[in-house]
Structures are given as structure tokens and as C-alpha cells.
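As written, the chain order gives the labels A, B, C, D, E and F, with residue 1 at the start of each chain.
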Amino acid sequence: MSAVNTETIDMLGGVSTNTIAGLLLKIGNMRTRAIRGVRPLNRDCCRFVGPAFTVRYVPVREDLTESASLASPTSHLAGTLDNLPRGCVMVFDMMRDETSGCVGDVLMSRMIVQGVAAVVCDGGMRDTSAIARMAIPVWCAATAPPPSARSLMAADVQTMIACGGVMVRPGDIVVGDEDGVAVIPAHLAEEVARKGVEQERVEAWIRRKVERGAKLAGLYPPREESQAACRAWVAAGSPEEG
Amino acid sequence: MSAVNTETIDMLGGVSTNTIAGLLLKIGNMRTRAIRGVRPLNRDCCRFVGPAFTVRYVPVREDLTESASLASPTSHLAGTLDNLPRGCVMVFDMMRDETSGCVGDVLMSRMIVQGVAAVVCDGGMRDTSAIARMAIPVWCAATAPPPSARSLMAADVQTMIACGGVMVRPGDIVVGDEDGVAVIPAHLAEEVARKGVEQERVEAWIRRKVERGAKLAGLYPPREESQAACRAWVAAGSPEEG
Amino acid sequence: MSAVNTETIDMLGGVSTNTIAGLLLKIGNMRTRAIRGVRPLNRDCCRFVGPAFTVRYVPVREDLTESASLASPTSHLAGTLDNLPRGCVMVFDMMRDETSGCVGDVLMSRMIVQGVAAVVCDGGMRDTSAIARMAIPVWCAATAPPPSARSLMAADVQTMIACGGVMVRPGDIVVGDEDGVAVIPAHLAEEVARKGVEQERVEAWIRRKVERGAKLAGLYPPREESQAACRAWVAAGSPEEG
Amino acid sequence: MSAVNTETIDMLGGVSTNTIAGLLLKIGNMRTRAIRGVRPLNRDCCRFVGPAFTVRYVPVREDLTESASLASPTSHLAGTLDNLPRGCVMVFDMMRDETSGCVGDVLMSRMIVQGVAAVVCDGGMRDTSAIARMAIPVWCAATAPPPSARSLMAADVQTMIACGGVMVRPGDIVVGDEDGVAVIPAHLAEEVARKGVEQERVEAWIRRKVERGAKLAGLYPPREESQAACRAWVAAGSPEEG
Amino acid sequence: MSAVNTETIDMLGGVSTNTIAGLLLKIGNMRTRAIRGVRPLNRDCCRFVGPAFTVRYVPVREDLTESASLASPTSHLAGTLDNLPRGCVMVFDMMRDETSGCVGDVLMSRMIVQGVAAVVCDGGMRDTSAIARMAIPVWCAATAPPPSARSLMAADVQTMIACGGVMVRPGDIVVGDEDGVAVIPAHLAEEVARKGVEQERVEAWIRRKVERGAKLAGLYPPREESQAACRAWVAAGSPEEG
Amino acid sequence: MSAVNTETIDMLGGVSTNTIAGLLLKIGNMRTRAIRGVRPLNRDCCRFVGPAFTVRYVPVREDLTESASLASPTSHLAGTLDNLPRGCVMVFDMMRDETSGCVGDVLMSRMIVQGVAAVVCDGGMRDTSAIARMAIPVWCAATAPPPSARSLMAADVQTMIACGGVMVRPGDIVVGDEDGVAVIPAHLAEEVARKGVEQERVEAWIRRKVERGAKLAGLYPPREESQAACRAWVAAGSPEEG
């Protein structure tokens, strides 16, 4: 379902969204790859990595409320939600509408059974008390009791969408941690993973030095010099006093 | 103080705001009955049901700051706040002003002594550290140190108000849980309570089936068929394998 | 670094931001001294008092991204961040931009080593998972993975700034607790501290009476009468039944 | 209908909203007396003065749409709109809802017949093409085709309301010109009118001097010195070279 | 290109957006059919009727800026914009992004050559000085110098979109006048046209009576009685004194 | 006062803000160089070019209202406003505060006497009726009767500021036309002027061809081919049929 291999996805699990956002700014000057305005329902269950499966909503037309129901016989979304690819991250474009809730506990249960990795939506979410206790990271902009049919209806799935100000294409790699959610274009995932793992190592080394009293000047943000010193330290077996 | 009887209020304690919002959408197409932009100070103490007691604020006129004080001799609000009906839900229309705080710990203590069921305001709240530890659900849009007289003054009590985009009339039934706050017109409370309890039962039955692997198609959202199957299962004594 | 002495700063540690905001409304009609739109990363580590050290950002110019880096050789901010006065509160004017993060874990570690008392910014913050576990109060408007160079660059330090709608001057006393962050003009700090401690005592006495059933009328908000009664009670040795 | 006499109202017709806002800031530190977010439908017909007649809206409850109609038999607003006091300024509190229109051409025609001086609302307005050609100043936040019953219903008339962030009481004097709309508490109208006329004279004199090359220093904003010089010039018969 | 015939479209040219919005509220309770936040570049050239041709934008990905260009060889939008159906109304979903401009004078010239009836977008527009002088109604949310590639890229054409809070489907009938822009579902266009023409006639008759001094009570809003009286008056040859 | 010579400034007078914004996107990927949220008081007097003279405001501290007055003896701004460089564009950073007015008719008269080229502020403006008739382009976000001292005070002049989301440095070249206001970094002004004049010529040639029926494909946006064809046409003496 995505051009990105499992090794890359596993590596990205060890890279923070901070590091990813910083790398995307350097690679191609990408300023708009962190989803804005969303937060995890449960901060203790907010980390995830996986390829995007996209769903797009538009404002409801009131005479279509019935068929706008997620599982109406005339809605193809129901069929879609029963056949999701294992490991995908569901990304919902709700146009930042916080007045209704996208997914409730029944749909979330069905997603978990199918192995969905996480859910991200830039609008509201329902049944959040039950969902926050489930073993799946869920990110949203608000909690909202009304069903999505209150204000929205699904327009299509697996197209290019906007979510929290970020363009998301099916198969883009979506990563979440305590700071937020970042979206990596599929063709850049391998480069970001490789450089990201290296950068995490260098920054941990720097932070350790700073905690022991080192000044920032010449050390951080890391230029070539810092990186070389870190590599040398690793090559020397990461001595305690390094 | 409200036309709604105690049995109905008790039943509504077992119905989620999700279910209520969904039912009100079906009954009379009510799209605007969930208060927006508020959250509980303490998620472990956020559930409540009760009839609304309304207070309306307007922007302060600076030369009236003194008499705008909640307990000024020239303010009738003080008398009001000493004589609240047991079990009521205080609903404050602050016009979504988050720059000042509506109620502090002293007023909240007085409300608790009088048996107030909960406080909902679409603006700020003060003394939130102390209040979050009290045994009363408090919903607000923000925490804010300044007293309400910084920007607001009370206009009247027990009139029709707006709170978080919802019209609230004295005696309307207000319900809160982890997802949010819903407002039920008094004359619909009994119907919503009755249908709500039934719907909760059906959805729990569906969720149990979905968690065991059932597909959504034909099952959820529940049409007549699902509801009948659920009733049959209950009639059969709720067998474990149902 | 500030005209305010240590005794006053210590006294302010026992005065709530509520009390401070109320006093500043009475003294000089100051309505705009509580920073708006910020919240603590960790509610269990949110209290602080100290003189402001100010940093001002402006929107980045994309061709200056490199030198806008906090620690670029052409940025004087790096030198600044290595030489901060012990006990200061870092206040960042990010123009309420929530799309990037002001400070990450490395800079925060350096601040802690130098004895910074707290960090307040009206924009985003990075590495919040790591920072929330550090022993320093951090207030911000959002979490955001991208580095500040995504959208901002430092303009100057220790000038008059705006933070969350409040004018802050270097040396103003900044106080935080669960309700929010208040800013006291340096020349008023002593008066606010003295009156604040007295007011906290009176309000605690009133709350105790209200919890035992006293009405608000004539008691709260405290006029001269309540204050005198409280003083008498204190003078009498604070008897249990007072 | 208002405690303010006709002479005062006539004098205020010659005082700009700028001058009024400046005077109210000096008298009682009133910072919130200019209605925000409204503009005239026709800039060539935007000036007016008169006492406020207030109407308050709340969000509609969908099952009341029919009776929420301005002229429903169950709405007392219809009777009200047929019996308005000559010279009044209609001020509508629409809670800044721009999604529907408050008044259309038929109601406006009825108001004109009754001698209404102007209409101010902080929401939308309908039939604006027709209304902009009528001889009545109309201020609103937006044009909007839907009827007010789309989202609002009248709550009451002639109570204390909020309009564009300003508290308005029945009988307050409302003044409009190209810059905006100011609201003067009734008991201050006479003082504002008297000082305002004087200030307009001084500022015209200063502007004339500045246009001829005078520096601002010592001249503007006018302190006692400038005012005395202006009075002397008037007493001298306003000579051309003065 | 639309299921709606030319006669209906012609009739709708004589019905105001007010009347349309009111009728859609009655038919199917449609509250969200007036596009919000847009205004005409030229109020003297703002009226139009026609079937929608939809274009959807998403946030740009910076490494795709080149191919996001409206006329890039890799963009199919260029081909689309050279082959537009005569009489259509171009409706652009820009997600309310006002920071860049959707269409400039060259593209607008090409649209005019092809007989496009109007352009509506919920974001910015470029070259507005030149475009405001062209003989085509153009509605937008803002003027903005930067090209759309600054922040947006086209996602697809002729799908279901959102524009200013309204769901628009290809072929829906879009109508504009001084008050705003309304969107009529294609299958309702004939009913709205027929009832709309009748309602315009009744309201003109009522307004004429009100201007001559009639009270609103019993006359407006028009119930069955008013409508019958109007029909009788028309049948009687519309006598001057009627 | 600016490193940019008069010839460049004159050339920029013939380049639209559209063209400038497009060029800055290509040169250095500058996405944030068009001031947002401002409009001209008079669309017939909105064009200008000149180097920026910057003024920065912060929120007022209420006890400083008196000295915050633009011309207070303790304010250095008065001296500044009497000594402005001929030809400069005054750019005010009001932090997008629309609740008060930056400049009134007296200050504007003084600026005109000194040869100021234009005024741009991202907040409110006073005396707009008088100012709109003066021969100076004035751009602002709103009209507002209250004086700036209502909510703001000057912090400093000729520093790096933000205006409508754009970083502006003293001496940057600011250009305005019907579409908006663009800010060119001083060191790029010559390149933008030169390329801009060329691009205006090519686009006018393309628009002429499109108006006569040419398709966009291969012609627009202009690639190398179109530009060469245009140059050839100019070299051939701009024949009517070209």
C-alpha cells in the first residue's frame, strides 16, 4: 500500500517529530509538514508511524443527512471502513470543523480489529472517554458529542487531502509523538529516517554535555564539528567521561 | 424549578452526550445543542445532569466596575447566589470572553453548600487549582486570573441565554460527560431519556460484536435489524456467546 | 538585574495570580496584566516568581533562515543564551505564532544549568515530552515540532515586548500558578506583595466560613468589615470556632 | 424615551466619534465604548445620533424556527417593530453571527416610516442593495442572504445588551460617522457634547497651523497652552493669518 | 453539463439570493447554502446565475511548487482551463486561504473568451485592479499579490468541494447578487425558481404597502392571507391604489 | 536613508505587487513578503513606492496612558514625527490591534508636509473621512475612533518589526497597488526592479494574445519560449498583428 519499506518505518519509530520537521525544513525548504491544531486524546498513547489512508469530508447538505451516515447503504465509506490495510494511519480531513465528532467507539473498535496504527483528524472526536482507554493513538482537534452527520459528509477516500494545514497523500508516512504529528513525503522517507537516527544520536550526546555544564557556543545547534566529535566518541566506545 | 421529573433526570445520568446529540439531530433536526469550546477542569469529575439556572453577562462599563462586583450592595446577583435551587446546573453566558474568570473558590464553596450540581461557563474560571479539587463538575473555556469585573458585568438571571453557541432556557436539562455538554429542551427530556437508554444498550451489544470481529456492514449504525437482534439477545438472557 | 528585592519576590511566591490580577485592577485600573493563551506543560510544575528577561521574535525572512538559527555565528542570541542571570524568567514574544517551537531540550538544559526560574512564551514549544519532565515551569501556547527558524527569527533581547497581550519590560516581576501568568510592573511589586499576602489571609478565612454555611451577603467580596473581623480573629489566636 | 435632551443630541451631531472616544477614555477610563467590527452599507449615508432601542438575539432552537420568525403570531417582536419611538437608533445584539441577515427591505421600510434614525447590528444584513439606497444609515458586520431565523431568534427588547463588544443600555446615546460608532452613557452625554464641541474647534485650528508648516511639538496633542491660544484666536475674530 | 434547463436558469436571474436562502431553509431545512466570507470585486458587476464547475486546492508541498504552477506541463489544470463549458460558474475551494491569489488577469481573460459566467473563490484573487474592470462578476475573500503556488496546489476538478462553508457539487446552480452567493442543489432548482418568482412579486407588493404606512402585523412575513391578497391585486390589473 | 537608489525606486513604480510577490517566491523562496489584512482607505489613491520607516507598538500599560500619548513630553515619538525623511513609507507594527486608531488627521497633515510617501499599519486608523481625501496613500486593517493610547503605546522606532505577518527592516522597499502591499529586502530591490519590468512587458503581450483567442497551453505562465517570442515581437517594432 505504500512505497516505503518496513525497515524505514521501523527506523522512523526512533526519530522524533522535532527532528523530522527540522530535516524537512533543510530538505526542500518544507515549512508545512507538521499538522496543526491537533492533540492526542491520551498523552501516554500518542506515538505511532505508518502510511496514510486518507478520508475527505465536505459540509453536509441537510437533505442528504441520512445517506451521509457513515454506514448508509448509499455510502461507500462503510465498505471502506470494513476493509482497511493493516498498519495504516487513518487521516481525516474535516476542514477543522470542531462541532461534530468523526469516529466513535464502535468504528474505532473495528479499526483496531483490522490493525490500524493510529487515527488523526483535524476536527472533533466522539466517545472519547472509551477511546482514550483503547490501545490506539488518536489525535484530534476537539471532543464533540454530535455525530459527524451534524455538519459533514464523506466526499471520497484515498485522494490528496488537507489535514491541519498539511497536504497529505495516500502512502505518505505519518509520525506522531508528544510534540505533534509530522507528514513525510513517501519518496523522502528513507533519507529522513537515515539522517534522523544520526541526528538523534548527536543531539543526545550534546544534551549530555550541556547538562554537565558545557556552553552552547560552538556546540549547538550542531555543525560539522559537533557531529564529528560525537562520531569519534561513539567510535571510542561511548566512554562515560566523553 | 423544572418541569422535568426526577426519574427522567436519573435516567439521563446513564445516557452519553453522544447519544443525546444524535437523538436531538433526529428529533427536530437540532444541530446546535452541544455547548462548544468548553472543557472540564477535572476530567475525573466531569459528569452531571440537572436543570439549568442561567446568568447573563455583558461587557463591563468601566465606571460601573465597583457596582459590577458580584456582591456589590447594588448588585442583585449576590442575593441570587445565596439562594440557588438544590440540584441546578449554573450556566453562565460570558460571550466566550476568556480574559477574566467567572467564579472563584469562595463562590464555588457557597454553591456546593447549596447543592448546585455543576457549573458551565463559556468564558474563564479563577482559582482553578482549588476548584479542580472540589467535588463539583466545572466546565469552562479557559483559566484566567483576573476577576470578572475586569471585562464583564452581570445583566440578568434566569433569562434565555447563549452559552458556547447554544440557546439555553431556565429549566432545560443540561448533561455533561467526558465528550462535552449537551442541552435538552425541557419538553423533550422524557423522550430523549427513554430512547437514549435503549440506544446505549444496543450500541454496547454492537461494540461487543465488533470487538469479536464482526463487520460494520448491516450492523452499524444500527438500523431496525440490529435493534431487533439486540432485543432478542436481551430476551434470551444475554447469553455469553450472543 | 531588577529593582525588586528578594524579600518581595519571596512574598509574591505566596500570593496567587488571582489576587495579583485583582489588586492590579484596583491599583491604576490595569486590565491587561495577565498573559493570555498560555498553559503549563506540566500542571504539577507550574509555579514560579522572578524578574523578566525578554526576547523578541519577528517573522523569518526566508533568505535569512540560516543566520536566524538560534546559535548561528551571526546571531548574538547564542551568546545571550549562554549568559543568563540566575533566577530570571525568560519571556519570549513569538507574536502568538503556534506553528513552530521556541525552545527545545538542549536549550532548556542550558537554561536550567544557569538557574533560570521559568520560561513563558506565547507561541509553540518543542521536545515537550522531555521538557515536561525537567524541574522547570514552562508555559506556552502550543506544542510544535518545527524549529523556530520555520517561521521566526530573533529581533532583539531585553527590550519592551508583548507576550500574550501583555506589555512586559525587562525586570517586571512575572508570577505563575495553576490559573495563569501575571506580570507586575517593577515599581508596584512591593505594594502588591504586601497587600496580596493580607488578602490571601482574609479570603482563606472567608472561604472557611462559607464552607461552614455562611452566606456571601456582607461577607464576600470582602469589604472593610470582613477584613476587620478577620484581623480580630487572627489577633485572637485564630480560634477553631472563629 | 431617553433622559438626554434634544439640544445635547443636536450638539453631538457636530462631534466626531474620534473625539467622543478620546473624551470617554479621559472621563472614567472607558476603553470599550466604540462598537467593533461594523461598517456602513453606504459611506455617503453613515452619520447619525440618537438614543438606543435594543434588541437581543440568541441562537435559534431548530424546533422554534417558525415561532422565531420576526412576525410570528407567537413573537412579540412584531408588535414591537410596529411601535418604535421616533428618532431612536435600533441596536441589535446578534452575537457577531454573520451567517444570517437581521433586517430586510420590508422591515427597514417600516422603520423609516416610523422615523428611526439608524440601524446598527453586529451581525449580517439582508437586501443590502435596496437598503443601501434608502435614506437611513445602516451599520452591520456583513451582508448575508439567509433570514435571521436560519441561526437566531429574538430573546427580548429594551434590555442591557452587547453589540460589537460594547455594553449598550436603552437610552444610551449612539453616534456614527465615517470612522465608526460610539456609545455614550446617557448621564455623560451633556458633558461629552460640551467638551466635544470645544475640542473639535481646537483641533481644526491646530490642523490649519500644521498644514501651514507648524511642528507638532508643543502644539499637539493639545495641552492647556494650545487650547488657550485657540480661544484667544477665536476671541480675536479668527483672523486669517492666526 | 447540468441537469438544469435554460428556462430555470433564466428565471433564477430574477430571484434574489435572499429569497433563495429563505426558500432553501423551508425546503429541507437547508441552513448552509450561502457561501460565507466572500465579496464582489466590483459591486456594479456582481450578479450572475449558472451551473458550478468546481476546482479543489490543497496546501502546497514546497518541493512541488514548480509542478503546482497552474500551467505546468505536469499539471492537468492547464488543459482544463482551456476547455471550460460556456456559461459555467467557476467555484474554487481554496480552504479560505487569503494569503495567495487564485486567478490573475491572463487566466481571467481566457475564461471570458470561453464564456464563463462568473468566478467565486473563498480565498484571494490577484490583478484585482485589472479584473475589476472586466465584464465578469468575480467574488473572493481577499486581494492578495502572491501567486497561488505560494501556498496552494490544485488537487482535482469537478469533484464535490467546500466553498465558504457550503458543499458545492458540479452542476449545482450558483446565484450571486449584492447580498451574497447562494448554491441550489440541481434537483431543487426548478422548484426554487418557480416559488422564488412568486415570492418576489408578493414581497414587492408588501413593501409598497409598508412604504405607504401599513403596519407589519398580519402582513409580513407573508402568510397565506397576504399572498392571496397580492394574487387578487394582480388579477385586478395591479391598480395604482391597491 | 536607504541603500536603494532613486532609479530603482522609480522602476519599481511600474511593477505590480503581483509581479514582485511572484519574483520573490522564485528568488530565495520568499513566501512571506506581502502584508496581510490591510486595505487602502481610498482605492483611487493606493499606489506608492519608498523605503520603510518603522514604528513599533506594544500593549499599553494603563498607568502609562498619559506618557504613551504620541506627543507627551516624555515620549520621544513626538520628536521623531516632526523629523521624518522625505519619501519614506511609514510602517506601523500595531500587532494587528484593530480596536484603536494609529494616526489621525493632524499627524497625517504633518507627515504630508514632510513629504512622507505613504502610511501602512496593520491596525486601525482614525479620522478616516478626512484622511481619505488627502493626497497620500493610507493602508490599514480597520477604521477605529479611539486614540491609540486606548490599547497601545510606542516601544521604539527604526527597528526590525512585523507588519501584517511580514518582517520589515528600516530601508526595505515597500510597494503598494490595488492588490496589496509587498516588501522587498533592500539588497534585492535592483534585481526585482529589472526582472519585474521585463515580466510586466511579457505578461501584457500574453494577455493581448489571450484576449484575441489564444489558448493558455504553451503560452502561460510564460516559459522561455513565450519570453523569446515577446522579445522578438518588440524587436520587430511591436506590430499590431503580432
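As a working rule, contacts are C-beta pairs under 8 Å (C-beta built on N, C-alpha and C of every residue); 3 or more make two chains touch, one makes a residue touch a chain.
Since this is a predicted model, take the numbers as computed values, not measurements.
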Where among C-F, A-E or D-E does the A-B interface show up again, with more than half of the contact pairs the same? D-E
Subunit D onto subunit E, same sequence, C-alpha superposition: rotation to the nearest 5 degrees is 120
Examine where the copies subunit A and subunit E touch and state whether the two sides share over half of their residue numbers (same) or under half (different). same
Farthest CA centroid from subunit C: chain E
With centres defined as the mean of Cα atoms, the chain at greatest distance from subunit D is chain A
Give, as an integer number of Å, the spacing between the C-alpha centres of subunit F and subunit B. 50
From the C-alpha centre of subunit B to that of subunit D, how far is it in Å? 37
Need the CA-centroid distance for the pair subunit E / subunit F, whole Å please. 32
Which subunit F residues sit where two or more other chains touch them? 29, 31, 33, 62
Pull out all the chain pairs that touch, please. A-B, A-C, A-E, B-C, B-D, C-F, D-E, D-F, E-F
List of subunit C residues in touch with subunit B within their complex: 16-18, 20-22, 25, 29, 31, 33-34, 36, 39, 177-180, 182, 203, 206-207, 210-211, 213, 215-217, 220-221
Name, in rising order, each residue of subunit B that touches subunit D in their complex. 28-33, 58-63, 95, 153, 155-156, 159-162, 165-167, 185
Mind listing the subunit B positions that touch subunit C in their complex? 62, 65, 69-71, 78-79, 81-82, 98-99, 101, 104-107, 109-110, 112-113, 126-129, 132, 143-147, 149-151
